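Remarks on the structure that follows.
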Amino acid sequence: MVNHVLSLKVKHPVAVGSIRFDQEHFPLIVGPCSLESNKQVDHILATLNDLNIHLMRGGIWKLRTNPSSFQGLGTDALPLIESIKRAGLFLVSEVTDPRHIEFLLPHVSVFQVGARNMYNYYLLKELAQTGKPVLLKRSFAATVDEWLKAANYLLNGPCNHVILCERGIRTFEHGTRFTLDLNGALLAKAQSGLPVIVDPSHAIGLREFVPNLALAVAASGLDGLIMEVHPEPDQALSDGRQSMTLQQLQELVPQLDMVLNISGRKRC
Amino acid sequence: MVNHVLSLKVKHPVAVGSIRFDQEHFPLIVGPCSLESNKQVDHILATLNDLNIHLMRGGIWKLRTNPSSFQGLGTDALPLIESIKRAGLFLVSEVTDPRHIEFLLPHVSVFQVGARNMYNYYLLKELAQTGKPVLLKRSFAATVDEWLKAANYLLNGPCNHVILCERGIRTFEHGTRFTLDLNGALLAKAQSGLPVIVDPSHAIGLREFVPNLALAVAASGLDGLIMEVHPEPDQALSDGRQSMTLQQLQELVPQLDMVLNISGRKRC
Amino acid sequence: MVNHVLSLKVKHPVAVGSIRFDQEHFPLIVGPCSLESNKQVDHILATLNDLNIHLMRGGIWKLRTNPSSFQGLGTDALPLIESIKRAGLFLVSEVTDPRHIEFLLPHVSVFQVGARNMYNYYLLKELAQTGKPVLLKRSFAATVDEWLKAANYLLNGPCNHVILCERGIRTFEHGTRFTLDLNGALLAKAQSGLPVIVDPSHAIGLREFVPNLALAVAASGLDGLIMEVHPEPDQALSDGRQSMTLQQLQELVPQLDMVLNISGRKRC
Amino acid sequence: MVNHVLSLKVKHPVAVGSIRFDQEHFPLIVGPCSLESNKQVDHILATLNDLNIHLMRGGIWKLRTNPSSFQGLGTDALPLIESIKRAGLFLVSEVTDPRHIEFLLPHVSVFQVGARNMYNYYLLKELAQTGKPVLLKRSFAATVDEWLKAANYLLNGPCNHVILCERGIRTFEHGTRFTLDLNGALLAKAQSGLPVIVDPSHAIGLREFVPNLALAVAASGLDGLIMEVHPEPDQALSDGRQSMTLQQLQELVPQLDMVLNISGRKRC
């Protein structure tokens, strides 16, 4: 039996330590929207450790629509970053300004380019020089074609360390925060051969539906997930409405494993 | 373990003969875009029979963007309709004009309202009088709120025989025919309690990705699929690009069964 | 001096009595969303007469999103229709169901196809047989290409009696009801040579901005306006928020005349 | 007679030398997409001088979708910048990277923030410190609400030197490059009291329609225009398809003056 899920091939796998974004593996990147406090980070680290999750997301500088919203801890996040590294996890964090690259370089394992910076080609050119893997989120207004062209700014030379991330596009439907574009994610994978993961948290903006989307992504033949969690989502300094509780995560992971097992893939 | 997939409940199940659109079942509706010929219909019927699929789609009158395109067989489809009934399948077919209801009434088991007629409230009011189940496709321009309000035109009185169908919305992304809105489908189910199925064929418009979307829908906790197939898609008189081959269907169904099994649901 | 405004030519002019939709004229079609009462109609007729406006819009059957909203007077509107005719005005009214054509035929001078029926090709084919001019609104989800193809359903044979009407498209911006697409209206005129008018009332949905858009349309080189007015907009049974007061109309018309005068066109 | 066009007030006027963005004036900002050569710049300067236009646009660093496209002259544009200043014109130029501010500060009269940087809040915060006026383009994916919140990043403290610029939003319609959103521009003006100008060149992407849109904007009650011109558009290194010829500009300006005259405004 030909497995249609597997007929979409990852041709340019990406490695982060022992974790692989390739055709056989399905990494989870999990963590809070923003790094906030020792207590928050320790609580999440304990859960990720239990669930055998090795990649942690966590925002240090944030781009917030409202100038009076919390803008991230910035360099004050250093002790929290050190905790994450001590726990043996790989940090995935967003770079919002080219002048932050130097600070972040020794600490992050994957640079994240957020949706609102996908068109920031000066930033992309600079990240291409670091040699680190980059998680390139699709702008919520970008066509697949523009997304792949932005990836080309990172792929100059022999480097293939790019992970694409679909996180919802902006459409007329405002009942959910954005519209997850699974179609576009599949097309991007087929056209580029790059690993394509999905951020269901931003894509729908409502934590109660994040597990449904996560399971859909696992069944669809795409390559991983990045998801927001928080020990107390309603107290989160940013994006609380879309952050899963740690209990939701604990219930979701075994179901993901079962779905991945059908197509012979393994979570990592 | 609480199963998040099952936390979205179908509160208003719909029965078509022995087939049930409810929380435990996941019906497949499969067939050609348009009924074309004896040979085409017999070939598809044989495959559906092998796969234990009981609901067949098939267009009789078509709404085509281009006035010179094939507009459906109309009443000339009668012998083909009789074949389908003789084979014991239930026919799901679109009604595009209120004056066709009388002809269709004895032949179809489910009236389909196409995306371009969702706002045709005069048609909806009339269908509500027939007492038959209606598959109400979401207009590609409709908000979830408008879609549910259109369903209310059908649900006047005690009738709950409505199946909602997400078939892709129109967005700025033109790399695929439409954009499948899984978010909107989940929201519609949560807000209405009606069964919500998905049409991946129209939603993406490219047959090679239809199995990926179908598996995603099965894992997401939604309630069924309507899909286009054709024995020779490249010769189809309409929608050939998005019609799966019968072989694709044969390979897909066992994978769907495995995904459904995880959440304790059964295809029917 | 070449006048760029005039470089977009109407190649297929339409006549309604003595009123012409062509390169030299700029007709106004003004009236209520729905015909409601003698008092309402008489009040509007007096104002239109004062302003030398000869085409009146007025809904008889309405397509309303909410099943419990006012659905139009239907055949009870007959006495109001007679008043309009006695006053010497031409009625432009929407046909929402092919079975209403027979009733409307002796009363309307222009059949209006509303945005939600642009894809209702069975209705279009039937209207093409009546020989009357048709005002074809663009679906809020239609590309210009689909709009022109729908016009082709009306233009079979030698008939050229089609007026196109842009009335706003659906986009991610929900601060206004729809998004007026002047670009699309200009493109449709250039590609088809048909007269293209604009409905600023539906396009923005907020009466305070309707005059701004109306003046913009007059300056842009397009071919006319259809606008909603009501003697007491806040008491209107439908679309009150976007209906101008009669005073707004009285203030707007002389400004329109001045703008039209610059390019040598005349209101009619 | 109450003039509806004037009922939308500019409450926070902006001055650039003797040029004023306020309720009585309507500045034009005209120039090439990118500064390319002495010959190009001199040719344009001569035309602007003839037409009494005092603000010139001209890109120095460009954000290009395709990594192999022309990326702007960068600091090599210095001699061209000096020519513009010697000719007595004010330069409006885009800043794409916060590290370019220092270079640009002595040369530009207005910093332009392009559509793809509207969400770049780190850049906005820094520009707010320079004290210079900023032309803030709306992202093609931004709601009016987000656009005004981005303006708030610039308006911290007593500064009101912000000019908003609508340049087209991304919608499903791809027959034109973007969709000019006049509705959104009017709403932004009404809600903020800031001057709102329009860029018809980017909004439609087709030079033959730019004059139509420019006249519409002048009639609509908005506050100015920024437009691309090129002596030989088909040889332009960027955006040639949407750049007007100098002859088109010469024909357009007197028509703009006539339209503005109706509402008692003056071009400057």
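To keep things simple, chains are lettered A, B, C and D as they appear, and every chain counts its residues starting from 1.
Quick note on the criterion: a residue touches a chain if its C-beta (ideal position, glycine included) is under 8 Å from a C-beta of that chain, and two chains touch if they have at least 3 such contacts.
Since this is a predicted model, take the numbers as computed values, not measurements.
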item: Labels of chains that are neighbours to chain A and to chain B; value: C, D
item: Distance-maximising chain from chain A - centres being C-alpha averages; value: C
item: Which of A-C and C-D has more C-beta contact pairs; value: C-D
item: Rounded Å distance between chain A and chain D, as computed from the means of their C-alpha atoms; value: 36
item: Rounded Å distance between chain C and chain D, as computed from the means of their C-alpha atoms; value: 34
item: Rounded Å distance, chain A centre to chain C centre (Cα mean); value: 49
item: Where chain B touches two or more other chains, by residue; value: 141, 170-172, 174
item: Contact graph of the chains (line, ring, star, complete, other); value: complete
item: Residue ranges of chain A in contact with chain D within the complex; value: 61, 63-67, 96-99, 116-117, 119-122, 139-141, 146, 149-150, 152-153, 156, 170
item: Chain D partner contacts - residues on chain B that touch it in the complex; value: 170-172, 174
item: List of chain B residues in touch with chain A within their complex; value: 1-5, 7-8, 141, 143-145, 168-169, 171-176, 178-184, 186-187, 190, 203-204, 208-209, 211-213, 215-221, 248, 251-252, 254-255, 258-259, 262-263
